[in-house]
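Naming follows writing order (A, B, C and D), and every chain is counted from residue 1.
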Amino acid sequence: MDAITFWILAAILVVSSVLVVGQRNPMYSVFLLIVSFAALAGLYIQLDASFAAMIQIIVYVGAIMVLFLFVVMLLNVPTDDAGGEPRRMFGAGPRRIGAVLSAVFAIELALALVRVVSTPLPSSDRGAPVATVYDIGVKLFRDYAFAFEATSVLILVAMVGAIVLARKEAR
Amino acid sequence: MSLLLIPLLPLLGFLVNATLGRKLTKTASGTIAVAAIGASFGVAVMVVWSLLHQAPIGGVRAIDQVVFSWIQSGPLSIPLEFRVDPLSSVMILVITGIGSLIHLYSTDYMHDETDGEYARYFSYLNLFAAFMLVLVLGASFPIMFVGWEGVGLCSYLLVGFWFTKQSAADAGKKAFVVNRVGDWGFILGMAAIFATFHTLDFQQVAFRASQLPIETSVGIVTGITLLLFLGATGKSAQIPLYVWLPDAMEGPTPVSALIHAATMVTAGVYMIGRNAVLFSHAPLTLNVVAVIGCLTALMAGTIGLVQNDIKRVLAYSTVSQLGYMFLAMGVGAFAGGIFHLYTHAFFKALLFLGSGAVIHALHGEQDMRRMGGLRKELPITFWTFLVGTLAIAGVPLFSGFFSKDEILGRTFASGHTVLWAIGVATAFLTATYMFRLLYLTFFGERRAAAADAHGAPAHGDDHGRGAALSEAGTAESKGHLHDAPMAMAVALVVLAVGAVFAGYVGVPETLGGGNRLEHYLAPSFVAPTIAADANGGIAVAPPVPEAPTAAEGESAGTEWMLMGVSVLAAFGGIGLASLIWFRNPRIADTMAARFGVLYRTLLGKYYVDEIYDAIIVQPIKRVSTFFLWRGVDAGLIDGTVNSVGFAVRGSSAVLRRLQTGSVRAYAMSLFVGVIVIVGYFLWR
Amino acid sequence: MPEPTLNSYLLLSAVLFSIGTAGVFLRRNLITILLSVEVMLNAVNLTFIAVDRYRGTVDGQIIVFFVITVAAAEAAVGLAILIALFRHKESLNPDAFTSLKW
Amino acid sequence: MIFGISRELIVHLVIIVVVFFALQITAAVLVYMERKVAGLIQERYGPYLVGPKGLMQPLADILKLIMKEELRPKGADVILFYAAPVLSATAAFAAFAVIPFGADTTFFGFLDHPIHLAAADVNVGLLVIFAISSMGVYGVVLAGWASNSKYSLLGGLRSSAQMISYELAYGLSFAAVIMLAGSLSLRGIVDQQSGYWFGFIPHWYLFLQPIGFLIFLTAGVAETNRAPFDFPEAEQELVAGYHTEYSSMSFALFFLAEYVNMATVSAVATDLFLGGWHGPFPLPDGFEWIWFLVKVFAILFFYIWMRWTLPRYRYDQLMEFGWKWLLPAAVVNLLVTAGVVIYMGW
């Protein structure tokens, strides 16, 4: 049962991600990315991290992606590389190099993983994740309290920065 | 009572006035300043009181306070430590007491300034007080040096207070630069002391010095003391470094009174007193000190005789009085020197403030040739001034008499007959030029118009309005002049009282006084029999012989004789002065004509400034222009800097190619790095 | 169907990551590039969660939250910049913004 | 065991089917209710021709919609255009799946173990609801964008902006309740609300969280784009907002979605604040869900009532209200609750 769901979700995940990248229309990319996030959330649930899964959906799908969507609608540049004539030096050449590089990287990672013996995950009792939520809360606000506060500051700064940047200069 | 408070209070005053002075009204900033110094006077009094009621420990009476450990490196350990002993107790009383009076005086005197300037003035004044107190309270050389430099700075700031006036700015610069020479000596001295005694604490130094034999020939102690004395000459305007003091008169008159008469310039004297033990171990230096002091006294006296600027006359008299003090130090009459310092503080401050009142009344007129006949118009000023004059002239029963006589007596006793003779001569001169000043200023008729005919320059004391207002002054000078206003009057009167009675703490035995001040001060000038050593422990020293107190070896008779002589000198001087400038002023001009060369030499202050300029300033200027500036700075340093710049520019011209500006290119390079690293870990 | 092991998760995330990088290098549209970056972030998150599960801890999840938070901030600022750029050059092609300043 | 299928499984499937259809029926009922109430409020009869008292009216509406021609504006993005309504409808239904609507029951001994009355019982239920409702935005946005028409686009943008802004207050009002109950599971929360104070006041969070409840309702209204916050389809300004270009079934789906969403919000409100199936007086075992139904419909009625009595806000006012009043209020409420929970040790 788990195995099947895993492979299905994995398939969805990979395919949709590939499409996100392969897509010429940013609108579609956004939606495909949402799909991949949903699949990812499914995997999280598989891994007994339902809380993380929900956060993933709420924050990523519910907020970040909407932001992207807005920008896409706002700028309304559906097709890829609209404007900005590609210059010789940054034309197709380096992009191919980039593709090669990432392929190499993937192979490297694969090799690295194949090296180590494949360890099966410890069998999980589908115990109440609520308890986990509790644990997470405790850990987050005890051990990671500082990081938490720091992040809040970060968010604030980002907010201000975004507003300042995107605001039309009043002249 | 915390010693720290004493310098801290004025410092606070400074901070307040310096930070929000521009916002404050004159009344406010003035009040703050006066309150600050006044409070610290109160504290000082309490401290001294408790000191007086303290049982001497091993002959030493002192209150110590370590604020915190300031410098701590290897063998060198300098706590920020304050110490009050009899010597410094006298000093702090003088500084805070007279300081307060002068602050008070200034509130009226500076009243024509704008609020901001007013606050600036008082902040400087407070800062000065703070540093001066640090100087005298410091328990070790470095602390003293902090104060030493601090007062130098304040002197610079205050002399150049009206910095928009070229002469004032220059005077400030001059004061500072000349002092640097002295400071150089002081620093070297400090270094030598540390090298020799491995400590910088006064008591320690005194204690360890007392272990050494008295140097008959030139030795390390002599070297040290000479260096220190160089510092002293700088601060206290002695030959060869006295030249800055007369010019310092460009500053506001109260400043001259506080810094250039009562306190700062006496720092040198204090410093020698503070290191009495050290100096008394170097007889050679003592002689040098005595001679220098004596010569300075005479020289300044002679110059003072012919000056026409009221403040300059006072300045030179200050120099010569300081000479007296050094003379005293030189002949080992440390107590005497401090005694004179103390009385001098009163009457010289009084005289300066008096002259200030006159200048104030005449709207910045400083030239005595344009004064005269002010007796009736400025009664308070006149009477107080008169008291001051009598005191400085050494007329019996006035404070100056006792201290001066003390010095002369001790000089004679110590066998320096020549110096004694010069001293007497100087006393004569002092009386003369002081009464000349008195007559020219307060007696006879107003000569403003006449002087205008001479077209004598008017030294504007009031910033900006200088010349113009002095004209105005002369214009309305025929009309009624206003006497010193309230605050100024109070200060004058109080100081006058001081000038009369200050001397009575040190009436010599012969007059049945039983020289109390001297006995009180004596412990400060001998090595402590028990000195707390660096690490707070106790080191027992061999008991040193009791300091030479009053008139040993000389009979009461000789002392009466000496006194008679100096009194004669004083009255002789007064007589001569009245003969020339009171009876028929004509004589002055005729004499000036007859001894033209001498007169011009004196008027030109022996051309010392010119000589210095020729043999020191100009060469230095040339060297720095052609070698240091053109050669080293422009050629070497700038050359290096520029070449570095060019190198960078050249290399960046090449490296720029990497800076494509394409985000992707950067990301790619970064990513290559990632791949390489991962690869390394794979194939390792 | 083999049971998913830790490695299968890790491999999956490796693949995702590579896809993300490929996207960053291949696309000529800033929006898509940002999306690719998100993909990469999520690949990392997946590893965290997987290892978390493997070691039976929750720290990984917490780190994931932080990653998500940072991603949010990044997206906000990134998009703001993007808008500003677009206003300026009417283009979203990263190669159009090589002048370093204007 | 029937045909080798365990009874639990059967019951589960039954429940799912029931919920699914119940929702559609609810929607239908709501349509009728809406028109009737509107009529009454406006001093007219409302539907009365079709069937007794116009009871068949919803059916007629649906038929009409089905018969209509499916229009698609030129230059619309085909895939997304059709994906949009499906997405929103799916989201709407999915959200309801995790809502428990009755006490555990064995169906009068049909089962040997009592089972939960819910399509799917998740113990992070609230988060799921929150997540899915946040997904609901996409249907609208998508519709707005895909139909390639300025009215739709504006409507879509507006509604998404509105939903996002109000989601915060929405979530925060959840959080307060979660704190009180100490559980993320709706069932757990409902169970916390059983019992009475002084024997007669039911132990509902409504009484502990009055402000929270108000915030929740307001935000809920905004979430579902209902009057007075119905900007996405502000007729006077945007014709019909994001579904201007939709017709026939796809329009019906949006319509359905809207009403199901209303139902969901009301159900959540019931579970969170009104003690779910715990009523002022207990009902016989196996019938508690009636209380649930009653409360849900009460809230729904309130919705409709509001729609026909309140005028529409202005958009900027809406945003201002959301950010400057509702959100701060929610935060304060949360903080106070937290303080109480900590210091009273509830």
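To be clear about the criterion, a residue touches a chain if its C-beta (ideal position, glycine included) is under 8 Å from a C-beta of that chain, and two chains touch if they have at least 3 such contacts.
Please read all numbers here as calculations on a predicted model, not as lab measurements.
Among the remaining chains, none touches subunit A as well as subunit D.
Two chain pairs, A-B and A-C, are weighed by contacting C-beta pairs, with A-C ahead.
Chain centres here are means of the Cα atoms, and by that rule the chain farthest away from subunit D is B. Subunit A and subunit B have CA centres that are 77 Å apart.
Averaged C-alpha coordinates give centres for subunit B and subunit D that are 90 Å from one another. A straight line joining the Cα centres of subunit A and subunit C is 5 Å long. If you average the Cα atoms of subunit B and of subunit C, the two centres end up 74 Å apart. For subunit D, no residue reaches two or more other chains under the stated contact definition.
Contacts with at least two other chains are made by residues 51, 55, 63, 90, 94-95, 97-98, 101-102, 105, 109 of subunit A. The residues of subunit B that reach two or more other chains are 660, 662, 664, 668, 671, listed in rising order.
Interface of subunit A with subunit C (complex): residues 2-4, 6-7, 10, 13-14, 17-18, 20-21, 23, 26, 29-30, 33, 36-37, 40, 43-44, 46-49, 51-52, 55-56, 59-60, 63-64, 67-68, 71-72, 74-75, 77, 80-87, 90, 94-95, 97-99, 101-103, 105-106, 109-110, 113-114, 116, 118-122, 124, 132, 135-136, 139-140, 143-144, 147, 151, 154-155, 157-159, 161-166, 168. The touching residues of subunit D, counted against subunit A in their complex, run 77, 79-80, 83, 122-124, 127-128, 130-132, 134-135, 137-138, 141-142, 145, 153, 156-157, 160-161, 164, 167, 183-185, 188.
Note for the complex: subunit B touches subunit C at residues 659-664, 667-668, 671.
By the touch criterion stated above, subunit A contacts subunit B in their complex at residues 89-90, 94-95, 97-98, 101-102, 104-105, 108-109, 111-112, 115. For subunit C in complex with subunit B, the residues that touch the partner chain are 21, 24-25, 94-95, 97-100.
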